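This is the structure I have questions about; it appears just below.
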Amino acid sequence: MSKIVHITRRERFSAAHKLAKPEWSEEKNYETFGKCSNPNWHGHNYVLWVTVKGTPEPSTGFVVDLSALGDVIKDKVIQHVDHKNLNLDVEFTKHLMTSTENLAIAIWEQLEIPVKELGADLHCVKISETENNYVEYFG
Amino acid sequence: MSKIVHITRRERFSAAHKLAKPEWSEEKNYETFGKCSNPNWHGHNYVLWVTVKGTPEPSTGFVVDLSALGDVIKDKVIQHVDHKNLNLDVEFTKHLMTSTENLAIAIWEQLEIPVKELGADLHCVKISETENNYVEYFG
Amino acid sequence: MSKIVHITRRERFSAAHKLAKPEWSEEKNYETFGKCSNPNWHGHNYVLWVTVKGTPEPSTGFVVDLSALGDVIKDKVIQHVDHKNLNLDVEFTKHLMTSTENLAIAIWEQLEIPVKELGADLHCVKISETENNYVEYFG
Amino acid sequence: MSKIVHITRRERFSAAHKLAKPEWSEEKNYETFGKCSNPNWHGHNYVLWVTVKGTPEPSTGFVVDLSALGDVIKDKVIQHVDHKNLNLDVEFTKHLMTSTENLAIAIWEQLEIPVKELGADLHCVKISETENNYVEYFG
Amino acid sequence: MSKIVHITRRERFSAAHKLAKPEWSEEKNYETFGKCSNPNWHGHNYVLWVTVKGTPEPSTGFVVDLSALGDVIKDKVIQHVDHKNLNLDVEFTKHLMTSTENLAIAIWEQLEIPVKELGADLHCVKISETENNYVEYFG
Amino acid sequence: MSKIVHITRRERFSAAHKLAKPEWSEEKNYETFGKCSNPNWHGHNYVLWVTVKGTPEPSTGFVVDLSALGDVIKDKVIQHVDHKNLNLDVEFTKHLMTSTENLAIAIWEQLEIPVKELGADLHCVKISETENNYVEYFG
């Protein structure tokens, strides 16, 4: 019998970004993205929750070793984005409009295979940008 | 290819209410609803999370403009309930037993069409009444 | 040698109230107190922190038995205000403008002597009305 | 017409435990479980969220009486685990590797039938061990 | 008789910054400030608590009208720093090493006189940069 | 001119303990310490806030390098208590009744000199045992 359990690990990172299309004027960017288009950047303390699912391994009771999962998240995501500029410094986000929606999709793509290699399935990438909003991507 | 993302906005309101059936005696109401039936009302800081889903728009990276979503929630819900009495002052709740369950359903009905008009689908209305309980309604 | 330690216990209560002077018109009350003057009341989840200070008793390591302190707070404060209307139901607040400032002072007066009887000194009564504001009264 | 609503109650407990297989050496346990294998135990403030679902009862607006649900959770779970050692004191966990995954499954088994007897369906048992991780079990 | 009460209002802002001395090399800045020296900036969701003290006004029960205090904080601080770069965009911080310590002092200087004009005394400016650190400045 | 700023760093640890005097019977311990006297231990996620004060250094804007402060706290406190039994495993607490009051004093004694060596003054050690209580020790 296999009992599926979801397990979630929280990580945090602080980064700068802006929302602005380079080919648009500053005015048009402000009209579309408001204060998020500030040319000199702004930033956030992002909170990231990574949920994986699987069957607890009988000898350990673990779906996945949480510290191994933490290492994967740090290696594939956090070290690349923490104290960085998401529009300038990060290979997997710098070609994107760095909306929280697109960050969640990009982080999913970083994690899907490495989580599989840990023996679990990636279920959800959730990111909050402020205490008043968050996004979830389920692949 | 369309990638579905869920995005959630948090809003808050402070309101008075009570749980009591007018046709019942004070004793019967107390028996059923306990201290929530206090005739002179009590109140809460309600927290409301509204989750919508859709595909990020390629030019903005947004499922929905969060500030437009915030405006809809304020216009359709918050301005009607904040610093109000849910049993006396609010058109869409005053005919109800104002349990958190019924509030979630009533707020869903206020938001379903306006969210559609923003180009997204309402996915969940979540309300907490205290830090120890919350309800979720998925339509 | 006596080492002074401060110890704080958190309790919570949900209550209705309004800010309005009965001798003023509804308009003047609205002008002064804004939406807090709604005639049909509103309410909050108040959070109360009671800080006492003293020297840990050598045999227990306690400044004060926290569950005895909790009992005092429940007996003198929480049972009187929880799920009540602060302007109508509560002996020690109903004669007051129920601002958070005045609540803190009134609760201090309820607790000062009973805390002394537990062998400690009341140091601070802190109350938050919403996540964005709180008051502290030090006697 | 039946509208399904999910309602969640939060409870908390503080317990000691360790992760270690008695038939393994201390070294092998450390290799597998890290600092969680400390022979003299460690502990946590566990937070438990129990989500049930059902249709609000028309006369009360309740899926389930939250205080009855709270009593069930206290009776079947909290009183057995709070201020206890999960590996030594608790009938329904002491035969387990007390990973958070296994705790969630064991608590589900304690609650499934009693929740049914309250007239609702158990939907999810969620437990957090620290602010950085939680598990969810959906049966 | 005058009873002194402290009242605190929380506001939030999201901003970009870096810690780096322009006259130092990138290496020396990294050595001193670590990842906070990233040339392309990073950012935070700053939380600001402003505490003022005074005697509640008898007719209102208020030390200060909280919404007037909120307006002062928004006018003198938040509108200048929210979604801005603290090193490039903000008159009262751009000449500073933008450590949290210096931000607290700079914000105190923005608020001291306007709070006095509201009839209260500024008591403390507290800022958190992440959930793991905060500073307090008492003038 | 020297402006004193307080800066606080939060750290966390998970530990087992009990409150019981070895020379007392189990019954007398239960009478005095309630469920905290469980012979098989219980545990908590302790949260520790260490506040130091000083004048920001002009070239960095720092009262103290926060990561150096973090290293001191980890070296002198966290590594000794995290995932440990406070009554059995920890040199600086195992001779104590491990009340939160006594933990705060013991941790102060671990930190006072090392903080001085960083060029600041220890101002407060604050510990919470659960979300409903915390202690503060100011030396």
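Note that the chains take the letters A, B, C, D, E and F in the order they are written out, and that residue 1 is the start of every chain.
One rule holds in what follows: a residue touches a chain if its C-beta (ideal position, glycine included) is under 8 Å from a C-beta of that chain, and two chains touch if they have at least 3 such contacts.
Computed from a prediction, not measured in an experiment: that's the story for all the values here.
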{"item": "Steps needed, at fewest, to go from chain E to chain F via touching chains", "value": "1"}
{"item": "Co-neighbours of chain D and chain A - touch as defined", "value": "B"}
{"item": "Repeated interface matching E-F, over half of the contact pairs identical, chosen among A-E, B-C or A-D", "value": "A-D"}
{"item": "Most remote chain, CA-based centroid, reference being chain A", "value": "C"}
{"item": "Distance between chain centroids, defined by C-alpha means - chain D, chain F (Å)", "value": "29"}
{"item": "Whole-Å gap between the CA centroids of chain B and chain F", "value": "41"}
{"item": "For chain B, residues contacting two or more additional chains", "value": "131"}
{"item": "Inter-chain touch pairs (all)", "value": "A-B, A-D, A-E, B-C, B-D, C-E, C-F, D-F, E-F"}
{"item": "Residues of chain B that touch chain A when the two form their complex", "value": "3-11, 56, 59-63, 66-67"}
{"item": "Complex interface listing, chain B residues touching chain C", "value": "12, 14-17, 35-36, 38, 40-45, 82-85, 88-89, 130-131"}
{"item": "Chain A residues within the chain B interface of the complex", "value": "19, 21, 32-34, 96-102, 104-105, 131-138"}
